[in-house]
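Residue numbering begins at 1 within each chain, and the chains themselves are lettered A, B, C and D in the order written.
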């Protein structure tokens, strides 16, 4: 089974092993046909309509804006509707350095995102701390406080690189198991103990 | 300059002087406020450029840089205190309003508290941060300041040390927001704060009553990092400060180091640097146009600004290999020669852009709604602009001719002919128009230079290890958003003892509160957009 | 017949919302954490109550609106039969309108139309 | 000449009555009407989302969605799938009842208004004799939804958004009312069918002289404001109030607002085409029989949707070209310019009608 992304050959993606591993996990779970088809339809919708949270702290944010602007135009892929409210966004592009003061804010934004939610770490700073790794006030990668789905290295990454990263996110979404996977319904009492 | 020295020594005999490119006066703290008053009122040093906090080992203190806006003469004052446990200095917030943020910054980094400063809170770091990071004896152990995921406590009051008339010091608290006020956080994650600035805004209906600015949401500790890097290594941070004036920032650092080394850089490099600086300015102002229009709700204008900015990025990319962080200038010249297509592309662009600007004006500037949103909003008088240190295009919109390219020319700015755009209205519209006109002026500068780039070396041969002679150096360039100053104190090592970046954007937010008071929320957004601050530049 | 159809359309609207909410409630994921239920305010915890005494500048506008909306409601039946009433109809209603317009002029002069 | 859809409906009615008792037939018909309305509603909303994205991309030198299906036509379908399965966040400290009620109000209001529109000859669900009046009345329920949504969220941004929307909608309701009134004066009836039939000999915008044109322009401005679209999108001013009154709504809850926004755009354009451009009435020029005949060959449904989409295009054009107004400017525009202009316009129209000066 291949994960198809329009106009991109499967071989052109770098880390197919990871996706294949996900596919194998999916196959191993033995979903029945009906649920599997429903999964596919829903994942088709989800992967083609990933709305980013407008979140940017530094240089990468400008490249993120270029991504939305006329030359690169992320609207083509359905990433168009950048929402300012985390309630309506699907993923947060952590574009830029995250510092100690920002960490609780970002965590709160992440917590407030509606499920299913994804995190893309954009640029050296968000991936690992980048040139500011040794600083007293900078996080060594946003994965210290959030689970990250896709890393896009670069300082800042070119918009093409961001597209590549977002397509990887789409692929990841496409091979997810929605029923019984993504759509788990936690009980409020169990989590919050109220 | 000798004149200033005489006047100061006649006023304050105990002052000592160090001659340099900028005269440096040392005074004991007890006399400092008197001298400040004298400098401000009698010698008319009305523009406080920078306050550099310093830790000299035994003593701690500040170096102040002043400019007289009438004749652009400069002077610096060094004040120190030997008490490292509880360092106290006198505040000058009563004379220069820009000192309000600068002194808070010094307190944040060095723990020096200022007497009579109304608001001694931390500026960049969390209010529960332990230690003062720029002190030389700072404990950098991550255990001391771990990543905290709980939110910092809300502080509605400030601490202040007030000197009573009989000379005693008293701790006081000032209230920022009363409990019953309707306080909204605009930012850090907000589409219109251009990054992660947090404005705590007290509202009365739609009307802004007070704004309290919180910085530091992208404070990356660049100044501290620089202290452990060699001079060529410090350069790359400059690109990441105000990424919209990456070239100019790097120019400032290079200039400061080249000045200290007394280097004469090749003419070819000078030409290319000047052209690159101006291209960067155009790109920045185009981004300003894009984001400002977006803030006012004219979404399509955003795309036009970005479309044309891409053309400059193409030019940059061919020569520098990057779209944003260029790493192009280096000490003694440039990293690489220009691309063979550079001149042709730049000329094409210079011919292309003015036509597009006309489009911009028809789309946005001439629009009735846009005019109403901009005119008469966010007024800033010339005096206030100087006092708050709001220079750059925003200052020029208030009638203050503060262009460093004219006042203290560097590179080729004394050889090219260009107008300094100054408007007198001081409102959002003026700030917008100054930038739009500066684009044309930049094109004019580029057109004068592009055909005359001389052949020859593009860089001096430099030794791999650069050591700066001992001393304090301060250089400014006109970045896209105003004067960016680089202060270096060298103790003769290959590392700077202290490298301070005097941001062009930090003073801008200082003026937000008085400009926005009484306006609507929509005005706040328009004013913020027109000031065009870049947060990583002010947070550093 | 029309009233019945009105009810049908009403039910259709309610059904649309109800059905969509039902589907969403059944299949959409749920997760909880202490911060999720809090109000979103640019990523910072809200200070104090949001339901507090808050100056609403549009209060005057609401009153003015009430006045003019009632007028519009009165005018509709008149508008339908205007052709039959002829000039007399115009003069009958003119008095009514003049009073209202005077009201608007008064509010204007008093500065009630400025958002404060 | 034009195909009358009531023939079809009568045929279905007769067919049903022949196989089942009267009440059963009626019940089936009601279900059919509901399903048809629902489908049309959903399809139109999806179409409008796609339409707006493509149009704005065109203004902005972009391509717009083009990956999902040919030319990206399934983009909005994908969005709806996504929105449907998004989590519905349960919030603390909110007024739960009002919070959940708000989407119902918004959708029901737009659905009721939608039901009043004449999509074609004989193709109309609700046809009261006070049709236009009813239309205005139900569409103003939506305001209540927005107001409640903002207030019940217990969030400062939504509160400001709600208050803004209150001020804005209340004011512009007036302009809509008066400009519609102007046309009612001209038509002499409030029945929607009546108004459309009255335009058989030329659309009102042509026959009604200048007052009709003025009323049309005022209606366009006020209609844009009513639908919360730029340059009047203050209640959800992205750059000021993050997402405005629906900041706290997630998943399908937000989807309802999103859907209703686009549907309201269609309703406003539909009403404009009904009042000023003849609704489903083809372009007739008195005396040109041949021309009228050709025009009649185009189905009435196409006429109605064509006009509505053209007007929507203009409203979308507004949104993507103009900067946003400030709240005081917005109210000044309404109370100091549009309202007096509207009153004068009404007066002129009355004179025209009384003295029979129209075509």
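Quick note on the criterion: a residue touches a chain if its C-beta (ideal position, glycine included) is under 8 Å from a C-beta of that chain, and two chains touch if they have at least 3 such contacts.
Here the structure is a predicted model, which means the values were calculated and not measured.
A.B. asks: Give me the chains shared as neighbours by subunit C and subunit D.
C.D. replies: Output, common partners of subunit C and subunit D: A, B.
A.B. asks: A-C versus B-C: which interface comes out with more C-beta contact pairs?
C.D. replies: Between B-C and A-C, contacts are more numerous in A-C.
A.B. asks: Using mean CA coordinates as chain centres, what's the subunit A-subunit C distance in Å?
C.D. replies: Chain centroid spacing, subunit A to subunit C, equals 40 Å.
A.B. asks: Just the number, please: Cα centre separation of subunit B and subunit C in whole Å.
C.D. replies: Whole-Å distance between the two chain centres: 48.
A.B. asks: How far is the middle of subunit A from the middle of subunit D, if each middle is the mean of its Cα atoms, in Å?
C.D. replies: That pair's centroid distance is 36 Å.
A.B. asks: Among all residues of subunit D, which ones touch two or more of the remaining chains?
C.D. replies: Only 60-62, 85-90, 156-157, 163, 238, 242, 247-248, 251, 327-328 qualify.
A.B. asks: Name the residues of subunit A that each touch 2 or more other chains.
C.D. replies: Subunit A, residues with two or more chain partners: 70, 84-85, 87, 105, 107-109, 112, 115-116, 183, 188.
A.B. asks: Indicate the residues of subunit B shared as contacts by at least two other chains.
C.D. replies: 151, 182, 184, 188-191, 205-206, 303-304, 307
A.B. asks: What topology does the chain contact graph adopt: line, ring, star, complete, or other?
C.D. replies: complete
A.B. asks: Which stretch or stretches of subunit A touch subunit B in the complex?
C.D. replies: Where subunit A meets subunit B, its residues are 53-59, 61-63, 65-66, 69-71, 84, 96-97, 99-105, 107-109, 131-132, 134-139, 144-145, 155-156, 158.
A.B. asks: Tell me, which parts of subunit B touch subunit C in their complex?
C.D. replies: That would be residues 151, 154, 177, 179-180, 182-190, 198, 204-207 of subunit B.
A.B. asks: Show which residues of subunit D lie in contact with subunit A when the two form their complex.
C.D. replies: Residues 53, 57, 60-68, 72, 74-75, 77-83, 85-90, 238, 242-243, 246-251, 254 of subunit D touch subunit A in their complex.
A.B. asks: Enumerate the contact residues on subunit D facing subunit B in the complex.
C.D. replies: Touch list, subunit D to subunit B: 56, 59-62, 156-157, 160, 163-164, 230-231, 233, 237-242, 320-329.
A.B. asks: Mind pulling up the subunit A residues that touch subunit C in the complex?
C.D. replies: Going by the criterion above, the answer is residues 85-87, 105-109, 111-112, 115-116, 179, 182-186, 188, 191-192.
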